[in-house]
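After this come two complexes, each holding chain A, first together with chain B and then together with chain C.
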Partner chain A sequence: MIAYAANLATIVAIFAILAATLNFIVGYAGIFSVAHAVFFGLGAYAGAQVALLLIPDPLLACLAGAVVAGGLSLCLALPALRVRGEYFVAASMGLQMMAVTLFSEAKPLTGGIGGLVNIPRPTLFGVEVSVLPLALVALALILLATALLQRGAFGRTLQALRDAESAAEALGKNVAAAKTLAMAFACAGAGIGGALFALHLSFVNVESFTMDQSVLVMAMVIIGGTGTLWGPLVGAIILLSLPSGLAFIPFIPPTEVGAVQQIVYGLAMTLLMIFRPAGLVGDLSKGRATA
Partner chain B sequence: MLFLQLLLQGLQTGALYALTAAGFALIFGATRIFHFAHGATFAIAGYVFLYFWNAGQPWPGALAAIAAAVVFGLGMERFVYRPIQRHEGSFFTVFVAAFGVAVVVQNLIGMIAGRGFASVDTPLSMANEVLPDVFLAPIFWIAIAVAIVLFVALSAFLTRTHAGVGLRALAQNPDLLRAYGLSSNRLSMLAFALGSAMAAPAAILTAMTTGLNEAVGHHVMLISMAATIVGGVGSLRGAALAGLMLGVAESVALQFVDTQWAEGVSFLVLFAFIIFRPSGIFGVAQTR
Partner chain C sequence: MSGPQIARRALLGTALAAPFAHPSLAQATDPYVIGTLFPMSGPNAEYGTLFTNGAALAIEHARADNMLRRPMRIQAEDTQALPQQGVIGMTKLVNVDKAHYVLVGFTAVSKAVAPVADRAKTIAVNGGAVGPDLSGLSPYFWNVIPLAHLETQAFIPFLMGRNLKRIALVYVDDPLGDAILGLLRTELPKAGGELVGSFSVPRTAQQFGPVAARVRQSRPDAVYIASFGAQQAQIIKGMRDNGIRVPLVGYSALSIPTVTAMPEAEGVIFTSQKFDYTGGSEVTRRFATDFKAKYGSDPGTYNANYYNAVRLFALLAKELEAEGAEVNGENLRRTLLRVREFDLVGGKATFDDKGDMSAEIQVNEIRGGRVVPIA
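Presenting the complex of A and B:
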C-alpha cells in the first residue's frame, strides 16, 4: 500500500512538473504547444543514457535531460517566432508526430519501440535513493522559479506579448529573446521530469511520449487553470487519480479504463471551455489567457 | 518506372488529401473557426461506412457516412463553437473545446469498433498492370473522378449561387453581410455542413485503400492544417492544390525513404512554409 502510494505520488510529482512547465508557455507566454511530451521524452532518453553509460547519478541525469530538451527546444522556438495561434499549433502537432517516428526509429539512442531497459537505480553519493524526494524538490524549485519569473520583469514581458505582441514589441521588448527563453526554460523543465521518469521506472519507451501524453498534460493545465500557479498541480492530481477512481466502478472492463479516462478528460476540456474557460483554479474576474 | 508508379499513387492519395483539406479550408475561410475536430468528422464517416459495408450495404453506407459527417459538423457548430463564440471567441478556447471532442471521438471509436487497422476488401482496390511495371487499381480513377467532380461542383456553387456568394462574403466581411440582411448563423451552418460532407468521400475511399484506425483523425488534421497553411489561408484552391502536392510528395519520397517517414515529408513542407513563407502559396500577407 505504501509502495503504491509512493509510486502514485512520484508519478503525480513528475506530471506536475510537466504541467507546470507547459503552463509557463501556454498560460504566461501564450505559446500553445501540443508537443510537450517530445521534450519529456528527450529528457527521459538523455537521463536514461547517462545512467546506463556513465553513472546513475540523478543530478547528472537531470542536468543531461535539461540540457538536451532545453537545447532542442529551438526546434519549437523557431516556428514560435514566426507564427502564433493556429499556425503554431499545426507546427507543434507536426513536430510531435515526427518525434514519435524518430523515437521509434533511432534505435542506438532510444532502443526503438522496445525502449531502454534495465536503467540502474539512482544513487546519490554512493547511497541508493528513491525518486520521490528528488521529484518533489524539482517540482518545488520549478514552481518557485515560475512564481519568481512571473512576478519579475521577464514574466511581465511574457504576459505583455501574450496579450498584445505588437504592443510589447513597440514598447521595446525583445519578443524573440523572451519567447526563446521561455521555451527553453519550459522544455528544460520537461526534460528534468523525463530524466526522473526514466530513473523511477528504470524503463522507457516511445509509448510514454506520444501525442496522447501531450494531450494529457495539456488537459491537466487546462482543467486546472491556465496562467495560475497551482492550477497545473490540481489538474495533475485530478487526472492521475482518475484511473484509480475509475477502477472502482464495476461496469467498466479493465481494458477500457484508459479509453474511459481519455473520454472523461476530453469531455471535461470541452465542457470547461463552454462554461468555465478559466479552468477550475482560474479566476473568472481576471482576463483569460488568449493566444 | 518506380517513379511513375509512386507518382500515380501519390495523385490518388493527394486527391483524397485535397478533398479533406478543402473541407477544412472552406470552414476556416468562411467562419474563421479552426475546426480541430475535422479529423473526427473524417473518422466518424469512415467508421459508419465500414459498419454498413460489413452489414453488406455499401450504397446506404456511403449515404449514411455523408449524413453522419454533416450531422457531426453541424452539432459542433451549434453546440460547441457557437456557445463559445457568444461569450468570447479566443482561438485558445475554441481549439481546446474542439480538441476535447476529438479525444472523445477517437476513444469512443476505439471502444466500439476496436483498435487497430480496419479496411474493406473490394475488387476495386485490386491493382492491374496498365503499363509495364505500373499497377493501378480502379479505385485510382474513382478517387480522381470524385475529386474533380466535387471541386467543379463546389466552385460552381461558390460563384453562381446566392448561398455560395454569401459564404464568400462571410469570409470577407461578416458585418457588412449582416447589414445586407443575410444570416451569418445560417451561412456558418452551411459552411460546416458542406465542409464536413467533403470529408466523407475521402474517408470512404481511404477505408477502401489504406484502411482506417481510431487515431486516423490526427493524421487527417495534420494534413488538413498543413494544406491550409501551405496553400494560403482563405484560399480553397490553394488548400486543394497543396493537399494534392503533399500527397504526391509523400509518395514520391518513398523512392528514397521508408514508409514510416512519409508523414515526415508533409511535416517538413509545413515547417519550411511556416518559417519562410507563413502566408502560403496563394496567401496575401495579412495582419492577424
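Presenting the complex of A and C:
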C-alpha cells in the first residue's frame, strides 16, 4: 500500500508542477495556453536522453529538461505577443498538434510512437533515489518562486497585462519582455516535471503529451482555482486521486469499471464547477453567473 | 502485576498482531488475483471488454474443472490505453491487491508497466499488442500472442498463391508498422512479389481520401493495412469510398467487431493465430461453444488470446501447487521455461526464453460480418 501511495504521490507531485506552472501564465498573465503538454514532453525527452546517453542524474536531467523546454518556449511566446484570448488558444492548439506530429516523427530523439524504453532509475552520487522527494522539492521550489514573483514588480506587471494589456503598455510596461519571461519560467518548470516523469516511468512516448494531457492540466488549474498559489496543487490532487479512489469500489463488474468511474468522475467535476465555479481555492464571489 | 492488566495487555497484543496473522491465514483460502490493465473507458474500451470476456471464461472453466485449490478472481484497472494510467494501475495491483498475474494490452501500456513488473517480479502478460518491440521487455513480461512480423511472414506465401503480387502498404508509423514495412520490403521480392507503395498515416488520422488516391496510382493487387483499433474501419471505408476495389488485407487487429460488422469490410483477408473451432482440439472446441453460449457471439482472436493467458496461469499454478511451491512470479517463470509447450485454444503453443509464444497462423476472410478461416 505504501508503494502504491508513493507512486500516486509522485504522479500527483509531477502534475502539480505542471498545473502550478500553467497557472503562472493562465492565472497571473492571462495567457490561455492549451499546449503545456508540449513543454512537459520536451522536458521528458530531454531528461530521458540525458539518462540514457550520459548518466541517470536527476538534477542533470531536470536541468536539461528546463533548458530545452524553457528555450523552446519562444515557440509559444511569439504567438502570445501577437494575439490574445481565443485567438491565442487557437494558436497554442496548433502548436500542440504540430508538436505531437514532431514527437511521433523525430524517431532518433523521441523513439517515435514506440517511445523511449529502459530509461534507467535515477541515481545521485551512485545511490538509486526515488523520484518522489525530488518531485516534492521541485514543486516546493516552483511554488516558492511563484509566490515571490507574484508579490514582486514582475507579478504585478503580469497581472496588469492580464487585466488591461493596453493600459499596462501605456504606463510603460514592457509587454513583450514580461510575456516572454513568464512563458520561459512556466515552460522550464513544465520541462522539469517532464524530466521527473521520464525518470519515474522509465518509459515515455508521445501518448503522454497529447492535447488530452494539456486539457487535463488546464482542468487542474481551473478546478483548483485560477490565479491562486495552492489551487493548482489542490486541483492535481483531486483530479488524480479521485479516479484512483474510485478504483477501490469493490462491487463494480470488471467490464463496467471504466464506464462507472468515468460517470462518477464527470459528475463530481460538474457538481464542483456548479457549487465552486471559481475553483476550490478560488474566491467564492467570482465565477458565478450574475444574469 | 494484576490479572486484569495482563488480560488487557494480552488483548492489546493480540489486536496489534492480528493484521500480521491474517495474511498467512488468508493465503490458503483467498483467490488468486488476476489483475487486468485494459482500457475500460475511452475510444479503446471495446478492446477492454473483448479482453476481459476471454479471461472471465477461462476462470469459469478452471473453476468447473477444479484445476486449482484456490479460486481465481479478476481485479480490473482501467488504463484508458494510456501509459501513465497503466503504471498507476500496475502499482496498485502489485502493492495493494497483491496480484499473482497481470494481463495487459496495448503497446505503450505494456512498455510502461514492464519495468514495474520487473521490479516486483510479477508476471505481466500481453495478449493484444503485436509490435515486435514487445519482445524481451523483461523476464517477467510475456507475450501470449504471435507478434505481427510472424503473422506477416506466414501471410506472404498465401498472397503469392492468390496472385496478389503487387502490394501497397498503408501503415501507422510506429514500431509495428515499421516492422511490417521492413518485412514486406525484404520478403516480398524473395517470394516473387513487389511492394509497390508504402503510405504512412498518423495514428490520429480519420480521413483517407488523399491516401486512397495515391494507393490507386500505385496500381496494387492488394492493399495491406497495418493499423489498429477504430482507425482500421476508417481506412477500409476510406479505401472503398474512394474506388479501391482490390482486396484489402492485414493482420489479427482486423478481427474486432467494429471492422467485421461494416459492409465495406466484406472480403477483407487477414491473418491470426490458428483457431479451428469445429475440428480443433477439445480445449479449442469447448472454448468456442461456451463462449457463444455465454456471450451470444462467435469468439474473436482477442477473446481467445486472453482466455489462453489465464489458462496458462492456471496450468502453471497447477504445477506449482503439485510441487507445493508458492505461486509467484519467479516460480511461474521457472515453470514456464521448464514446461515450454502448453495445450491452449488453437492447439499446442510453445514459449521461448523471452516468454514469447509461437503458434500456427491461419488466414481468415470476413464474409457476411463473420470471420471465416480460409487457409
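Here, the second predicted complex is superposed on the first by the 253 of 291 C-alpha atoms of A that agree within 3 Å, B and C clash if a C-alpha of one lies under 4 Å from a C-alpha of the other, contacts with A are read in each partner's own complex, and residues count from 1 in each chain.
Convention: a residue touches a chain if its C-beta (ideal position, glycine included) is under 8 Å from a C-beta of that chain, and two chains touch if they have at least 3 such contacts.
Not measured: the values here are computed from a predicted model.
Of the two partner chains placed by superposition, A:128 touches none, neither chain B nor chain C.
Shared-chain residue A:259: touches chain B and chain C both.
In the superposition on chain A, contact of A:3 is made with chain C only, not with chain B.
When the two structures are aligned on the shared chain, A:247 is found in touch with chain C, with no touch to chain B. Using the contact criterion defined above for the overlaid structures, shared-chain residue A:11 touches chain C, although it does not reach chain B.
Touch criterion met: A:117 reaches chain C, while chain B stays clear of it. With both complexes placed on chain A, chain A has more residues touched by B than by the other of chain B and chain C.
Contacts of A:267 after superposition on the shared chain: chain B is touched, whereas chain C is not. Applying the stated contact rule after C-alpha superposition, one finds that A:79 touches chain B and leaves chain C untouched. The contact surfaces that chain B and chain C form on chain A in the two complexes overlap at residues 101, 104-105, 256, 259, 262. Taken together, the chain A residues at the contact with chain B in this complex read 30, 32, 78-79, 82-83, 85-87, 89-91, 93-95, 97-98, 101, 104-105, 211, 215, 218-219, 222, 226, 256, 259-260, 262-263, 265-274, 277, 288-291.
Listed in rising order, the residues of chain C touching chain A in the complex are 36, 39-42, 45, 48-49, 52-53, 56, 74, 76-78, 80-84, 87-89, 91-92, 94-96, 107-108, 111-112, 114-115, 131, 133, 137, 172-175, 178, 202-204. Chain B contributes residues 34, 36, 80, 83-84, 87-88, 90-104, 106-108, 110-111, 218-219, 221-222, 225-226, 229, 260-261, 263-264, 266-267, 270-271, 274-275, 278, 288 to its touches with chain A in the complex.
By the touch criterion given at the top, residues 1-4, 7-8, 11, 100-101, 104-105, 112-115, 117-118, 201-205, 207-208, 243-244, 247, 252, 254-259, 261-262 of chain A touch chain C in their complex.
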